[in-house]
Amino acid sequence: MGNKVLPKPLMGIIPPLVTPLLDSDTLDTAGFQKLINHVIDGGVHGIFVLGTTGEAPSLSYRLRKEVIKRSCEFAGGRVPVLVGISDTSFVESVNLCTYSAECGADAVVLAPPFYFPAGQAELLEYLQHLVPKLALPLFLYNMPTHTKLVFEPSTVRAAADIPGIIGLKDSSANMVYFHKLQLLFKERADFSLLVGPEELLAETLLLGGHGGINGGANLWPSLYVSIYNAAQKRDLDTVMKLHEKVIQVSSSVYSVGKYSSSYLKGLKCGLSLLNICSDFMAEPFHKFRAEERESIRKHLTSLGILK
Amino acid sequence: MGNKVLPKPLMGIIPPLVTPLLDSDTLDTAGFQKLINHVIDGGVHGIFVLGTTGEAPSLSYRLRKEVIKRSCEFAGGRVPVLVGISDTSFVESVNLCTYSAECGADAVVLAPPFYFPAGQAELLEYLQHLVPKLALPLFLYNMPTHTKLVFEPSTVRAAADIPGIIGLKDSSANMVYFHKLQLLFKERADFSLLVGPEELLAETLLLGGHGGINGGANLWPSLYVSIYNAAQKRDLDTVMKLHEKVIQVSSSVYSVGKYSSSYLKGLKCGLSLLNICSDFMAEPFHKFRAEERESIRKHLTSLGILK
Amino acid sequence: MGNKVLPKPLMGIIPPLVTPLLDSDTLDTAGFQKLINHVIDGGVHGIFVLGTTGEAPSLSYRLRKEVIKRSCEFAGGRVPVLVGISDTSFVESVNLCTYSAECGADAVVLAPPFYFPAGQAELLEYLQHLVPKLALPLFLYNMPTHTKLVFEPSTVRAAADIPGIIGLKDSSANMVYFHKLQLLFKERADFSLLVGPEELLAETLLLGGHGGINGGANLWPSLYVSIYNAAQKRDLDTVMKLHEKVIQVSSSVYSVGKYSSSYLKGLKCGLSLLNICSDFMAEPFHKFRAEERESIRKHLTSLGILK
Amino acid sequence: MGNKVLPKPLMGIIPPLVTPLLDSDTLDTAGFQKLINHVIDGGVHGIFVLGTTGEAPSLSYRLRKEVIKRSCEFAGGRVPVLVGISDTSFVESVNLCTYSAECGADAVVLAPPFYFPAGQAELLEYLQHLVPKLALPLFLYNMPTHTKLVFEPSTVRAAADIPGIIGLKDSSANMVYFHKLQLLFKERADFSLLVGPEELLAETLLLGGHGGINGGANLWPSLYVSIYNAAQKRDLDTVMKLHEKVIQVSSSVYSVGKYSSSYLKGLKCGLSLLNICSDFMAEPFHKFRAEERESIRKHLTSLGILK
């Protein structure tokens, strides 16, 4: 299990798994196993735990370690396991990576440290210090809404010369940024460029991106895998039709309730309605109450996800 | 000239024309005529004057009127003329529209009033007051970086029921936003959805958008028109190849100098190097000095735009 | 009337007058005269028309000129008249200043051009071009929430060496910024440093600032003048007591309704309740409806402004 | 040591201590003791460890615990010890508080969880869940530049009814916010309102605030204590004179280098030049190099801090 050689570039659909919880500090272990089987059965090409969708920053270190251990165990070598090690503390990021390697994970994923506003030169230096201490290959994670920092294209290009950095997940929702990276990495076909927001998966794949780390693939993995497959075949009509489904999911399941957490709440609520796992959420969030849950149920039914 | 019936939806490439200037308050009339001929010869489907690329907010009202008059005259009915009437003053927006109609323009384009931060309900009410006073059909213009305000998808959808609003130009560079609008307007095939940033033109067209209002089409109109034509034929390989050219333009010609005005300065400098028009810029900007101009020359040469 | 020598530094309370309107393009002339008499009777040291509080960017140029003419006429030389000439167009700013001088105004006030995001070097160059064309002395106006741009302290210090720039109004609500300016201008006792948000008037005056351009002084001029007078006498207890009244105004009259325009709507509504002038607002705003008006009435009564 | 009854409201100068480091994960223990003695000798009324100035988010949990233990030990009951427990993880915040109580600390300080953008209702609920689990009284910490979230005044007022919340540190640099809180807490004289940015200490104290948690008090504790004492005596002239010194520190020692981390780097560099403790910084930062260090030396000499 694990420690396989990752394909370079890593391609396909890698769902950023939610972390099923029974309470703030207890993993819903059975639900987690069910979820992992659900997405692997749906054809995904890897799994990513402890990302934003996994509520990683809200979890205790103890629980994060449990998630790492369990995900490697439940994946059982069927697909690569990527682990989020983003942290404000350099030392804790290293610790999480070391533990991930021990558990048999395949790679780690890192957003910029998200408390202090560092400059680009500082971010590059940070990576130069960090990567040699990591026991696994690293994907960068561009996530400016939550970290306040962008990995500028030139920083990414410079960082990619550090051995061990093998790709980037971009959750900026800014395709201008993504296309500029694609141009910068034109001669580096081994470097994975993956997109976060699923609403941008179709265009990412049509225009040469390698895949998506898309939250909706928790819920409906085969939809995203089908887009990937259709894009591989250059079947534009199918991509377009499935893309519209994705936008329907986004405009309904992720658009209930207020605040910017609707995506995460809708996703967990949906998984609970599908009887896959618990929808408990770690502070500062709260699972949807009855009325919002009813809205999600209707959306899922109307989308055909729930019979 | 003008007052033709606009196609619904308006489709294709409509360059947001730069305003060639001899000094802060003097139009480079000859250059403007040359520019309009250049883009029409390149196959564009319309022209848009007095947008952000046209530095409209920096121009005096007298000069804005001259630009309107001349653009209608120089276009001579060959393609539709769209006129930007964005203003912080409701009354001045109406005045500019009235004058545009008198000159024979075909439509107007309006961003939210950009000084006071209005709410969405206020923006909708603003449009409800404004549109009945407009003598021409209206495109909304979503441009949050410069106006601080977003036309939220639900506001656009509600506004689209006001007779006279016929489309939207989105310069947010946020394709999640654009795709949500596409879904909302699925049953309104007559409503134009056009994209501003040219880096997003390929995906916009591949996934059902109607066209682009792309600055680069001042410089190299046939490139953008070719993407449009290839996308119409669903020729994915050609779209991809041309898309890469667009990203090269963006990563070179628009990336010289500092500040966020590099795009505008690079564009005007390029047009001057092509001997189309003057590169004078209205305050608060300044045309590129010798060193930056030399960089632009190299980029244009390397792109094959300048022999 | 007008063209008097302004005191250097200009000190005291200079209300940024609201623009009383009968409709979008019609001045409530009688109300405007009443308002000017009201504030002068309250002891203010000058008036400032066509600022943010005056809704200047929302008014037509014709109307702005009428406001300039009438304010000089109604002030009748009793206090200096400052005129806002902030505009996205350099040429229009110059035109407004020329007209202000013709009407007998004493100085003009300018925020950065607020559509294009200029850099600091560009802002300085902008002022270097502009000031020689101005017929009146100039106050800079730092207003980042509305203009997106800050006049950085070093830019202000450099600009202050251009003859004709005589002070700054800071509406950033950032007293760290204000204190840094005070230090930079320690040897330039002639340069006025005035504060916008009235909630910061007390501390500004106690720590060496010269005065306030405070909206509340439309409504209750003597309150702000009394703070100024108490601060001049170093009467800390009185300043503190009156300061608390100011915070009460701010926490009640400016806090009705939603959106960031509550201040402006509350102020105009209050003036209407005092029978001073009309509360019509230019687009994109709307005057308070009955329910909100009732809240304002209660607040004014409870503050003792309305009997 | 510790567990004394805190004065209510807590008043005075409470320096947010830097964390002296030998490397990323090693405390400069001797330096830390020296620093604590330095500030207590300077007359401070408490110490605050593991705040932003303490680089807490950049430190490992192991090291944070060491800092807690040592600070209580070195303070030795001479002044109250406040401990920052801000964390993205609810569980880890509780853990840090429990450990702080065991070590004899007097109170804890908490900013909003800073990864996910929570709404105000969620923040309030977060506090309602958290406070009952805390073994020590709690100060809220408003720090929007780093956390992206504001504790809105109405949220603070509601939270203050939860037994155990005893005050707030405001680092927003927005005195309008601070004054609105003061009005809301007019009848709650036991609730401490403390200001973060030292540039705002003078006005905070003159207008009724209780004290400051000011970084400069690491370097020059007696300056800030003197302002506090002068303000207590209502000695406005002395406050003003000392306030100007504070602005000089801020405009020189905190203004070397680029990025927004100049404050922290300048402070640690200054402490090293005073031979108090090491200037090593945790990632993502780096201590000042020779040239910047030389600038800091000159500034300290010119201020009279370094002979």
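A, B, C and D label the chains in the order they appear, each numbered from 1.
Note that in this section a residue touches a chain if its C-beta (ideal position, glycine included) is under 8 Å from a C-beta of that chain, and two chains touch if they have at least 3 such contacts.
Fair warning: this is a prediction, and the values are worked out from it, not measured in the lab.
**Q** Between chain A and chain C, how many steps is the shortest route if every step has to go to a touching chain?
**A** Counted as steps through touching chains, the separation is 2.
**Q** Select the chain at the greatest separation from chain C, using centres from the mean of Cα atoms.
**A** A
**Q** With a Cα-based fit, what is the angle in degrees between chain C and its identical partner chain D, given to the nearest 5?
**A** Rotation angle between the two copies comes out at 180 degrees.
**Q** Taking the mean of the C-alpha atoms as each chain's centre, how many Å separate chain B from chain C?
**A** It comes to 35 Å between the two C-alpha centres.
**Q** Once you find the CA centre of chain B and the CA centre of chain D, what distance in Å lies between them?
**A** 50
**Q** Would you please write down the residue numbers of chain B that are in contact with two or more other chains?
**A** Residues of chain B touching two or more partner chains: there are none.
**Q** May I ask you to sort the chain touch graph into line, ring, star, complete or other?
**A** Looks like a ring, each chain touching just two neighbours.
**Q** Give every touching pair of chains, nothing left out.
**A** A-B, A-D, B-C, C-D
**Q** Please give the residue numbers of chain C that touch chain D in the complex, ascending.
**A** Those residues of chain C that touch chain D are 173-176, 179-180, 182-184, 197, 199-200, 202-203, 206-208, 234, 236-237, 240, 243-244, 247-248, 250-251.
**Q** Please name which positions on chain B make contact with chain C in the complex.
**A** Result: residues 24-25, 52, 55, 57-61, 63, 88-92, 95, 112-119, 122-123, 125-126, 129-130, 145-148, 258-261, 282-286 of chain B touch chain C.
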